[in-house]
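Below: one structure in structure tokens.
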Amino acid sequence: MKNIVTLGEIMMRLSTSGFERFVGAKNLEIHYGGGEANVAIGLSNFGHNAKFVTKLPLNDWGKSAINTLKYYGVDTSNIIGGGDRIGIYYVEPGVSMRSSKVIYDRKNSSFSKSNFDEYDFDSIFENCDLFNISGITAAISKECKELTKFAIKKAKEKGCLVSYDYNYRKMLWEREESIEFLEEILPYVDILIGYIPKGIDWETNEINFDEVKNGFENLKKLYNIKLITSTIRESESASDNKLYAILYDGNDLLVSKKYKIRVANRIGAGDAYTAGFLSEYLYDSSSRDILEFAIACSSFKHTVMEDFNICTREEILKISKGDASGKVER
Amino acid sequence: MKNIVTLGEIMMRLSTSGFERFVGAKNLEIHYGGGEANVAIGLSNFGHNAKFVTKLPLNDWGKSAINTLKYYGVDTSNIIGGGDRIGIYYVEPGVSMRSSKVIYDRKNSSFSKSNFDEYDFDSIFENCDLFNISGITAAISKECKELTKFAIKKAKEKGCLVSYDYNYRKMLWEREESIEFLEEILPYVDILIGYIPKGIDWETNEINFDEVKNGFENLKKLYNIKLITSTIRESESASDNKLYAILYDGNDLLVSKKYKIRVANRIGAGDAYTAGFLSEYLYDSSSRDILEFAIACSSFKHTVMEDFNICTREEILKISKGDASGKVER
Amino acid sequence: MKNIVTLGEIMMRLSTSGFERFVGAKNLEIHYGGGEANVAIGLSNFGHNAKFVTKLPLNDWGKSAINTLKYYGVDTSNIIGGGDRIGIYYVEPGVSMRSSKVIYDRKNSSFSKSNFDEYDFDSIFENCDLFNISGITAAISKECKELTKFAIKKAKEKGCLVSYDYNYRKMLWEREESIEFLEEILPYVDILIGYIPKGIDWETNEINFDEVKNGFENLKKLYNIKLITSTIRESESASDNKLYAILYDGNDLLVSKKYKIRVANRIGAGDAYTAGFLSEYLYDSSSRDILEFAIACSSFKHTVMEDFNICTREEILKISKGDASGKVER
Amino acid sequence: MKNIVTLGEIMMRLSTSGFERFVGAKNLEIHYGGGEANVAIGLSNFGHNAKFVTKLPLNDWGKSAINTLKYYGVDTSNIIGGGDRIGIYYVEPGVSMRSSKVIYDRKNSSFSKSNFDEYDFDSIFENCDLFNISGITAAISKECKELTKFAIKKAKEKGCLVSYDYNYRKMLWEREESIEFLEEILPYVDILIGYIPKGIDWETNEINFDEVKNGFENLKKLYNIKLITSTIRESESASDNKLYAILYDGNDLLVSKKYKIRVANRIGAGDAYTAGFLSEYLYDSSSRDILEFAIACSSFKHTVMEDFNICTREEILKISKGDASGKVER
Amino acid sequence: MKNIVTLGEIMMRLSTSGFERFVGAKNLEIHYGGGEANVAIGLSNFGHNAKFVTKLPLNDWGKSAINTLKYYGVDTSNIIGGGDRIGIYYVEPGVSMRSSKVIYDRKNSSFSKSNFDEYDFDSIFENCDLFNISGITAAISKECKELTKFAIKKAKEKGCLVSYDYNYRKMLWEREESIEFLEEILPYVDILIGYIPKGIDWETNEINFDEVKNGFENLKKLYNIKLITSTIRESESASDNKLYAILYDGNDLLVSKKYKIRVANRIGAGDAYTAGFLSEYLYDSSSRDILEFAIACSSFKHTVMEDFNICTREEILKISKGDASGKVER
Amino acid sequence: MKNIVTLGEIMMRLSTSGFERFVGAKNLEIHYGGGEANVAIGLSNFGHNAKFVTKLPLNDWGKSAINTLKYYGVDTSNIIGGGDRIGIYYVEPGVSMRSSKVIYDRKNSSFSKSNFDEYDFDSIFENCDLFNISGITAAISKECKELTKFAIKKAKEKGCLVSYDYNYRKMLWEREESIEFLEEILPYVDILIGYIPKGIDWETNEINFDEVKNGFENLKKLYNIKLITSTIRESESASDNKLYAILYDGNDLLVSKKYKIRVANRIGAGDAYTAGFLSEYLYDSSSRDILEFAIACSSFKHTVMEDFNICTREEILKISKGDASGKVER
């Protein structure tokens, strides 16, 4: 069991039910989630001490977000209160050839307007083994970009391992800006997730493993990164996906088992990958076991309606060890 | 049947169900409403041509708000599209001694940021008999204050009757500012709703009818207002209210029947009063009939879960003529 | 425990939920009910053998209606199958001053088109102690009027007691026609329910007990009726009612306790009265006990969402013996 | 943007939720739909002025049906009021090898009893570019058969293009009668949908394109029809279908892309095809683009729970241009 | 139509909805079911007289279980009342690679503590053609093991055919104990279900038909069993299964059609097989027809949310005769 | 802010929704609650450090109960895992004259079978200011009686204040046994809740304040108790209650304001009283303020659907200071 800190935004997700569209909808389901919050809950589920840091408004939605984190055992003692509002995002789940639709209403959220000097990083990183953050946080606002950079450097300084999930979102920033930012922080990063510099055609999902490996080797050489990993999704439709992952551990490029998935909810699948990956890494598993656990964890996430995974380490191990048949035990 | 224009904000209301509190809630019901929009729907239900004017974002929530207005027969042809977001307000309905709780998240909405010169008032007021607007609109933002003033003057210029619902909200502005604004626009107002300058103790609901009448006579003298009217609510608890209204028609101060109400949803009761009042006024009813219809309409509104009333003129007349027994016809 | 037969229509009730109005509703709750079917279920709940006779279409709605009767222990072996459709009635429950609204769509139902010679009355009335039917059945159609008359005479012939619930519905027939029909069948009736020939002002609910008693004495003299009884409802609003009942047992006019009722669902309250009344009568209780059980049963019905009562004899006795405090036992 | 008129019945659809069967169901979802109403809404979604003509009862269900059409922007100004009832159809959605089950209760509906001389066709067809009607309308009743014929001729006379969707339903009439009727109206038809005179084995879905083309050429020669088109469905189970379409444009027989569909709700897929087809035709797209848009539109319809499509032209174009991967944009 | 008796436990199933997990769930759906109860309802649906025997507590859950059986036409006249509680089992339905999860809370249930001498077997087996029981009942408790043995012998003595469903559950007893028990009762068994002594690899589902047949021949020789049958499931995931069955009729080993199933609810699929099998056997169908009906029935069960099948013989025959396309009839 | 420990059982409450009865119900809502757990959550809401101690099974229901406590900020670090099952209680909420109905199924729960030596009381009572426990815990089982006694003595030994809520439940033990037990532990008790030795007629709720005071004075003399307090409920019906409380502070008998309550859910109202009482006591408020806060807190609880209160100290103070009008702030 290790101590992990993640930092980012937790939002209120308001989703339509069943196959309902936004237009004409009469009800919304409430969930709370966000990249790094999902990772924190995932790590807590797997038995670690996970602390999530953010800023939330002092109203019932801020309180509910915090309580939800507590429900799953996350340490919320460094969350700061204040600001105007919680960020919202609306989700209309897709099915068959109809894509899921997302409407963001996160501007001016308490977190997006928060400055790095509002956070007490000395307390935050006390006894911390690993710090995880994603590119989404950097992309939210000018303030958050500064905050991300500051937190990463501070974590490094304090002796934490640093994990960075590139997680590019084109609705938030330009590809160039995201890479420029990446390059700025890579010197402080130990584990890099979700970034494949070359060797993949994102339209066809065709992959040239040699090129990919070559790209990863360069990254390692330049920045001395320990582990580089990414999932690769093949989307047949909004209801049917295939998912696998790759891991470069400094020596080999490992390719995971590929899962065929009946999608119930794909939100947070990447965060579940990160949580599974970091958890097994911190449990000192082998590269192969880390990779297979992480991809099983991410695949499993597609069956859970929350943004984060609800599962135990045992459930995921059963699958990563080979039983994805969905049979009932009784 | 007359042509009415109302202008203001329409928001998305997200409410918990049954007796659920915000903290821990899993679902929210979606409704669309706002003072002047509610009045427009009410007038449409009663057989008038009602046009509602606002600005809404070009997304599915903006579209759903417009479609809801269309569903109830409101003319939406002058609604303009654009801006960032629809205003939201969250409602946790109260019961017994627990008050309803409201969380507003309406800052930076498309409407609040709209300028008067974005609206085509020549088209808006074409063939318009009456223009209705409320103090809430004036209080939303600097832009909306200008817009309210501009629209009232323009309406008067175009020969419309002007009705103004004072509707003071202390979370939006100071009492002084609201009265200052009122005095600025009163010269253009024909019907004044919801403003009692003196003669009422708002804590105890004790009323000195002579003083009230005196206050109204002064207003009439100063600004040549045709009709001054207001509801008065006695709140025993969030579940049980009493409601009545007064009307000064230039000669007499009339006091309506007092209704004992089992509250299902009190939101929009004031707007229902305005709609009922204006509708009967435009049908050339007597002062007494206008008043009794309006208060029956407002009382009935407490049984309807939407922000606006769903009812017909016949349903309200049955009650205002004396039958509030709730018996089934069969 | 006695054997009772009731005959009439069982319909599908489709109601909106909570306080929703028809216009704009998205869901309907399904219930099955009808005057005599409700009485049969009530009697079965109280431990009697109750048989319900009707005609239903040979489709899943007909089957569901039959299965619902079976669920509550009613003998459905003489229900005949065929015809076009099950009758429907839509209910929008009222609240406060808003009345419940009913839309009937029962024309051309299998039962309404059924003829008396389709039923095997020899089998139906075998070992039957009491036959109950209501004026609603007589009013449904020309065919049903014949059927009602035929069944009453046949029951009498076979030695059953006959109970008739006048249950006047102005949407189905004229008052005169209903009284003409009543007079035609009264010579065969032992127990008459829901008919007060004089002494009550139905608008004000003021009652002149001497006149009422006088009217009942006349009826007894003319037709040799054993028991005459009726409930009297005072409707403050759709949510709050008062209810009591009177019973003329050939000697005295008894007046029951008056219940103050918080209404959850008033449909079937009259049928619950009939069921409670007949049940206790068949258990040989005293006039006073019959009356108090019946009115407690009818009052209790207002707390049950189905058309019929769900309760045990013990539950009702607890109330009729004096405890209506609603305290929890634990 | 063009002006389209459609005429037919709009019914109340009452469906069970999830995988519930009729027997034992406790709730029904309310939707409103019908062949030509669905087409009108589809065309309105795509930016056209669509007018829907029918007759509906003057009660809350008739009003709700009209309001639903307004919600989606359909012109309801020529809908007439009166008659006894709205037609109902109950749907129990199928899954896997269990077929969807439909119970119709549409006899004696206001529309089915309406006569052609109740409609003001001069007003209806004013400025109308295209009139669409289906074989279902003709099959409903004797009155509706006359009405269909009358309306088609009147539309032609008024200079509208005429589109006819054969849409054969064996529960409504015999195949022979439907073809006889078709032949009677084909001289007035410009666009014929859903009719393949020969070349297809409806059991196996095997198709002989030469024969089909030959059949279409004959039709064109005989009746001078501009466009003949039809969808072809391959049903693996109630949950998994494949769908493609063919179009004879007077020169070539075009075959569309074939979609593999995860079915959420297949009701109205044919009407969505018609709407998509007519919309693109009226936007002057090429034969190939019309066909691909229409089949994408129909496939997309399977993901929408209403009877009609809820979508924009942009959403369908994205799919018809090749992206049916269901990926989220964010 | 034959008379069948089944004996066992009926429990309350409490399941989460949609894809919700136990942790964090807010609602549970109530169903009633249990192996032999499911068989009884299935046989009743197919037109037989089915009697179910058990012991249930004298509270509202016991009553609801009995009423549910009545709803589907099962004879409950020999169910005895008493004891402490109804057994509960919680179900979290699986999806994709996530297995369904079951939590049993059935210890100390009224049935599990009941002794064979509480049941009136002379009345139970009067006119009984066939008695069915399963290994689950034997495994519940010491008392139930005795009861199972006693009932089987008594049934045989009374001249009933005896059908035994092996239905091994490893959470209830050891494999060895279950086989020992099986061997003890096989001399009284005519129809053996769910037991394949050799020739199948339960991990891979690979089957050696010769070996299987050989195993069945031995059983027949040893115990003179008329029919031996079993389903074989191939589980791709919790959402997608394949299912087929085998039948040894004393001469041949027949293999059924294999169904590809989209799973809505797999609970009770084995009981549906038994019900279908016994029903067709009692209708004197051929071995092939019995087998194909039973496997179609079991496959169909996966589309029904209850523990038991809701279907008619006609629906299953349509599928077993070849139409599993899920097309709508209309 | 103080440190409080409570010890007892937390159960799963499964309740029907709306006005549904158990018989025929299809859904149950899940809540978690129990006397001392409710008190702990209440104290946490009011800003204290509350620790709840119990034993729960190592399954998803045990985990959900713990997580729910965490959600509301309760310290669960001393909850022990193991045993067979979580206790269940089913609630059918009453309305009007229909009482709420409770079915307990709590026998053999993990907690009821736990022994005092399984708990680490040295860790539990570290830094503890006050220990609260109720008579329900003592009544659950022989083991729990021992546990209660042991814990009370241990707490006293460790220097904690001890609060005991008598909370008599006749379904669990005899009145005599409960008083015998009370007398055994009173020497260790500082605050006694819910016990009025004389001066009240529990049928009529008539109270003789002098006698009550006299009884309390005796208790104080005998056992040196600091504070003695109790609520008194007047139940007009299941929907309408009145509630007030009395407090003997060693000098005076104070009587609180009496609240008229519209009941949404009365479960846990007593625990809310205890929580409010202890909280204000620990905040060093005056006797009058403690009493008024506690009774406002208990009254407010009737509006909250959970077993425990969801509220803030500010909300309750607003009411206890006089505003129970249920008005909306906006």
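Every chain is named by a letter (A, B, C, D, E and F) in the order it is written, and numbering of its residues begins at 1.
The rule is short, and it goes like this: a contact is a pair of C-beta atoms (placed from the backbone, for glycine too) under 8 Å apart; a residue touches a chain by one contact, two chains touch by 3 or more.
These are the chains along with the protein names UniProt gives them: A, B, C, D, E, F = Sugar kinase.
Keep in mind the model is a prediction, meaning the values are calculated, not measured.
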When you check each chain against chain B (Sugar kinase) and chain F (Sugar kinase), which touch both of them? A, C
Chains in contact with chain A (Sugar kinase) and with chain E (Sugar kinase): which ones? D, F
Most widely separated chain from chain C (Sugar kinase), with each centre as the mean of CA atoms: A
Relative to chain F (Sugar kinase), which chain has the most distant C-alpha mean position? D
Looking only at C-beta pairs that count as contacts, which pair of chains has more of them, C-E or E-F? E-F
Among E-F, C-E or C-F, whose interface repeats B-F's (more than half the contact pairs identical)? C-F
Fitting on CA atoms only, what is the rotation between the copies chain B (Sugar kinase) and chain C (Sugar kinase)? Please report it in degrees, nearest 5. 120
Averaged over CA atoms, how far is the centre of chain B (Sugar kinase) from the centre of chain D (Sugar kinase)? Could you give it in whole Å? 42
Report the inter-centroid distance (CA atoms only) between chain A (Sugar kinase) and chain C (Sugar kinase) in whole Å. 62
Rounded to a whole Å, what is the gap between the Cα centroids of chain A (Sugar kinase) and chain B (Sugar kinase)? 46
Touching two or more other chains in chain E (Sugar kinase) are residues 21, 23-24, 26, 67, 71, 101
Once you draw an edge for every pair of touching chains, what topology comes out, line, ring, star, complete or other? other
Okay, what are all the chain pairs that touch? A-B, A-D, A-E, A-F, B-C, B-D, B-F, C-D, C-E, C-F, D-E, E-F
Chain B (Sugar kinase) residues touching chain F (Sugar kinase) - in the complex, by the definition given at the top: 18-21, 23-24, 94-102, 104, 169-171, 235-240, 266
With touch defined as at the start, can you tell me which chain E (Sugar kinase) residues reach chain D (Sugar kinase) in the complex? 71, 259-265, 296, 299-300, 302-306, 310, 315, 319, 324-330
Taking the touch rule as given, give the residues of chain D (Sugar kinase) at its contact with chain B (Sugar kinase) in the complex, in rising order. 67-68, 70-73
Interface residues, chain D (Sugar kinase) side, partner chain C (Sugar kinase) - complex: 14, 21-30, 59-61, 63-64, 67, 84-85, 88, 90, 92, 101, 103, 105, 107-108
